[in-house]
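One chain, chain A, links the two complexes that follow: it is found with chain B in the first and with chain C in the second.
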Partner chain A sequence: MQKETLNRLQKLNQLRLTDAEETNVLSFFAAREEEMNILNSIDTETVERMVHVMPIETVVREDKVIKSFTREQLQAGAPETTDGYWQVPRLVE
Partner chain B sequence: MKYETVIGLEVHIEMATESKIFCSCSAKFGAEQNEHVCPACCGMPGMLPVVNRHVVDLGMNAGMMLNCHINRTTTFDKKSYYYPDLPSSYQTTQWFAPVAVNGTVTIETANGKKDIRIKQIHMEEDAGKLVHDDWTDTTLVDFNRTSVPLIEIVSQPDLSSAEEVVAYLERLRSLLRFAKVSECRMEQGSMRCDVNLSVRPEGSDKLGVRTEMKNMNSLSAIVRAIEYETARHIDALENGTEELVQETRRWDDIKGKSFAMRNKETAGDYRYFPDPNVMPVVIDDAWYDSIKASLPEFPEVKRARYIDAYGLSEYDADMLTQSRALCDCFEAAYAECKNAKEAANWLISDCMNILNKSQKTADQLTLDGKALGELILLVLDGKVGRGNAKKILIAMFDEKLDPAKYAEEQGFIVSNDTGAIEAIVKTVVAADPKSVADYKNGKEKALMALFGKCMRELKGNCDPQVLQKLLKDTIDSL
Partner chain C sequence: MKLYIAKNEGAVGKRIALDDMILTKDLPTAAGSRMLDGYMSLFDATVVEKAMAAGYAIDGKLNVGEFGIDLMGETSYYGAIATDGHLVSAAAAAIEDGATAVLSLDVNGAPRRAAAQSGTVCVKPTYGTVSRFGTVPAACSGECVAVTAGTAADCEALLDVVAGYDAKDGTSLPDALRGEAKPIRRVAVLTALTDGVDAETVARIEAAKAALSKNGIEVAKIDGGELIAARVAWNILMSAELCNNVSRYDGIKYGYRTPSYKTIDELYTNSRTEAFGAFLKTVILFGSETLSTDTYMKVYDQALRVRRVLVEYFKSLFETVDAVLLPACSTCAYEENVDPELAFTENLYTAPASVTGLPAVVFGGVQLIGDAFSDKALLQLADLCEKEGK
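For the complex of A and B:
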């Protein structure tokens, strides 16, 4: 991985790594990239896509409304609320 | 140089379900802020999603209506971005194996028919709503809409004008309303559209720089935005007025201009990865077949059948096939009364009037078609007068009732007692010698006035032809 990609990922993930951490992450990903290159060199054209590591499928529920919590219960731990809204710092200039 | 516009659309449609896609909160529009929320749709740690089966039903349904291939194993993925309207910091959507792929929608414009290819239809959760409060200089968050189920229909860049885009959206709306996937009401935000547009020299096979306008929610705004954006791109290419960059733009319908919002993200920026919390959805044969069997007849097939088999006019067939609810009611009424023209007339004029008065659309019609057929028969058999039948119809919109029984209770059954009718005719004629004289002097209208008076006295419960004959006979005998 290039430094440039790492910087972009830091920005997207809202992370700020120290120089030492950056060096570690870059060497970690360099090793993973080599492993991926080996995997990519295998012809998987005829192999069915694996959608999950376990042969498992989801359960589904019926389309039925069930009220579980009240607004007050859910907002009990919120730092700030106004008129039933969660309140956050202004987003748009 | 001549240019051509290349447009691809991403259309988001809120599905007509009772509950949200991954939790049991209500998905209904219009509640008080944060009334339809629970720890799952608020993104609280440790909560696990459980897929709403009906969302998959409707996803498949939409895919089949648009001639798509249905992926029998369909999976959900996480799309990461940070914004307060998305409490878990990722949207659960479908990236690697969406429910439906590779479809077509045929549109018709003044230039004829054209097939628009559908790249994919995926199921996903909606984000919450942000309210920017100028007074307190803060942003307020409402999570009622968070996790409301959506399908996103992604077209290939096969559209080339505002006219084609409108035809495409109208066709989608008609098909999805018929399949009861969604009401597709742009004004309520249950159908929203992102327009991806680029311009290139005519005949070129290379795509130009693409810009995206997000969350367009009216057809007229979409038309204006496409015309503006096309002109802006051509101006930039011809005259070098600006450098075109790939970006997301906001359309301001009041100013009639688009404005740059942010550089367009690429798929990599969203770091899609399979959602480990939702297992693959496997659609077995029984599930697939049950959805296939539930598909409605396409609106244009119905329209042709109404004209050919029922002898309706093109106008009547067009009016009825605008709405699945109207069609269902019409077919049930016809099955009962066997008179297509009458059933169509009652629906198109009387029922639509009642709906309009209560500000409802045709899709919101809940009238029992069989009962409407019974009411029509009462009129055709001369048992209830038309005026009184309209009163019964209004009552039928408020409650489920048996029209014959209700007519009897209300005293709306036409009297066959000619003696009683004759007595009233004689009284009315004796009380209005002027109208009698006018009629005898050739004024046809005077007879109608007398007829109206008799009908009022009889409270509408009289066969109009019987009354007219008795009235004429009585005057002639004077």
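For the complex of A and C:
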């Protein structure tokens, strides 16, 4: 894997690695790339993808109002709130 | 080093412990991560509700590796649990401490490895038979709530309580889709998956074969090398799903927020960078890469196809045998400072059941994988073998 790819992945995932962590990640990726030989040795050209192991279709339920949580309960674990809103840094100057 | 992240000192009667991937409204849930340190859920997981309704008291929340993907808890924000330089099973320690059983989320086989190394019994049920509602999502297409106990009978008793359809879990199997298990009469040892394990694990396989034979089970041998691909497929699917599932942690609505930021991007990046451990970051980046435009078809799509190949392989295997016998891990103990990346190779033994959704039972340090819905039959067989060994 190229260093540029790793930089792109860090940005995409909102993560920042130290130099030592980058070295580890590159070695981890190399190990994963090598083991792809095992998967690639299996002919899957005529095999369909299997997302769910059980034969369950997308589950839908009746659209009805049920008792939910209050705003106070939902925001109880928030790092910062103001007047019942989640507080974030100013986005527009 | 903490065994319990939170302890319910008032618990009396039949007590069970939960690993910290299972949400409780009265005790914090951190999933072994600084990101959720001190997080209080607004509700109990369905398995917790069911256990409490059946008279079990919740003893506390057990330390777990960050988002449950490591070997045996070594990546926990609260530190690994170790004795004499080796990792210790939190579930086994809780059982020794008086808990009847432990519920854990089996994401990458950690509860099964812990059971094998501690001599406890663990069942990872058939996917969809036990509700995952109220568990911290990590790798949703294969993870299951597992039960660990000192005996197969205690495992079965709690499994009976927590199993069943749950409308709140979109992957819960309706009763009409739940099959009946046939009795287990023939078991095949997977020789390709017993190569390379330590001498004690080999001895445990031999002891299990002898106990099975004494109980009238026909024991055969097959290579099973096809299942080596399960590990690779699960590494890809688990990482991709984990990457998506932890994308919700951004330092805004709940969880850790960095004290150091000026812009929204800095808030996101610094919060995630400071709160997530090194191994988790590695897995997130790998999962993200498997889903990127350039590699999706070659990697993620191929893993999904191989999952079907493996399901079909087991299906054909279970036409001639009723279960397979294999180790749950390669060694009887992990060193305290083990590299967590070993979880991506050591899951050679646990991934076959994770990726296919099949039930697995660990007893006497070995693992049995059976056909879908054979959970109880596997536990009853483990019970017979346990009695044989006494």
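The rule is short, and it goes like this: the second predicted complex is superposed on the first by the 73 of 93 C-alpha atoms of A that agree within 3 Å, B and C clash if a C-alpha of one lies under 4 Å from a C-alpha of the other, contacts with A are read in each partner's own complex, and residues count from 1 in each chain.
The criterion applied here is as follows: contacts are C-beta pairs under 8 Å (C-beta built on N, C-alpha and C of every residue); 3 or more make two chains touch, one makes a residue touch a chain.
From a predicted model like this one, the values you see are computed outputs, not experimental measurements.
Colleague: If we overlay the two complexes on their shared chain A, which of chain B and chain C does A:79 touch? Say first, second, both or neither.
Modeller: In the superposition, A:79 contacts chain C only.
Colleague: Just checking: does A:52 make contact with chain B only, chain C only, both, or neither of them? Give me first, second, both or neither.
Modeller: both
Colleague: Considering only touches as defined above, state whether A:29 meets chain B (first), chain C (second), both or neither.
Modeller: Touch partner of A:29: chain C, not chain B.
Colleague: Between chain B and chain C, whom does A:89 touch in the aligned arrangement: first, second, both, or neither?
Modeller: In the superposition, A:89 contacts both chain B and chain C.
Colleague: In the superposed model, which partner reaches more residues of chain A, chain B or chain C?
Modeller: After superposition, C is the partner touching more of chain A.
Colleague: Once the structures are superposed on A, label A:62 by its partner contacts, choosing first (chain B), second (chain C), both or neither.
Modeller: The answer is first: A:62 touches chain B but not chain C.
Colleague: Please work out whether A:71 is in contact with chain B alone, chain C alone, both, or neither, and reply first, second, both or neither.
Modeller: The first partner, chain B, only.
Colleague: In the overlaid three-chain picture, which partner chain does A:16 touch, first (chain B) or second (chain C), both, or neither?
Modeller: So A:16 only meets chain C here.
Colleague: Taking the superposition on A as described, I'd like to know which of chain B and chain C A:38 touches: first, second, both or neither.
Modeller: Only chain C is touched by A:38; chain B is not.
Colleague: Of all the chain A residues, which ones make contact with chain B and with chain C?
Modeller: 12-14, 49, 51-52, 56, 58-59, 61, 69, 74, 80, 86, 88-89, 91
Colleague: Residue numbers of chain A touching chain B in their complex, please.
Modeller: On the chain A side, the touching residues are 12-14, 49, 51-52, 56-69, 71, 74-75, 80, 82-92.
Colleague: Could you please specify the touching residues of chain B with respect to chain A in the complex?
Modeller: 17-19, 24-26, 32-35, 37-39, 42, 50-56, 73, 75, 80, 82-84, 96-97, 130-133, 136-143, 269, 271, 274, 278-282
Colleague: State the interface residues of chain A toward chain C in the complex, per the touch definition above.
Modeller: Within the complex, chain A touches chain C at residues 1, 5-6, 9-10, 12-17, 21, 24-25, 28-29, 31-32, 35-36, 38-40, 42, 44, 47-56, 58-59, 61, 69, 73-74, 76-80, 86, 88-89, 91.
Colleague: Can you list the chain C residues touching chain A in their complex?
Modeller: Chain C reaches chain A through residues 39-40, 42, 127-128, 141-142, 167, 170-171, 173, 177, 228-229, 231-233, 235-236, 243, 247, 250-257, 261-270, 272-273, 276, 278, 281-282, 284-286, 288-289, 292, 298-299, 301-309, 311, 341, 344, 355-357.
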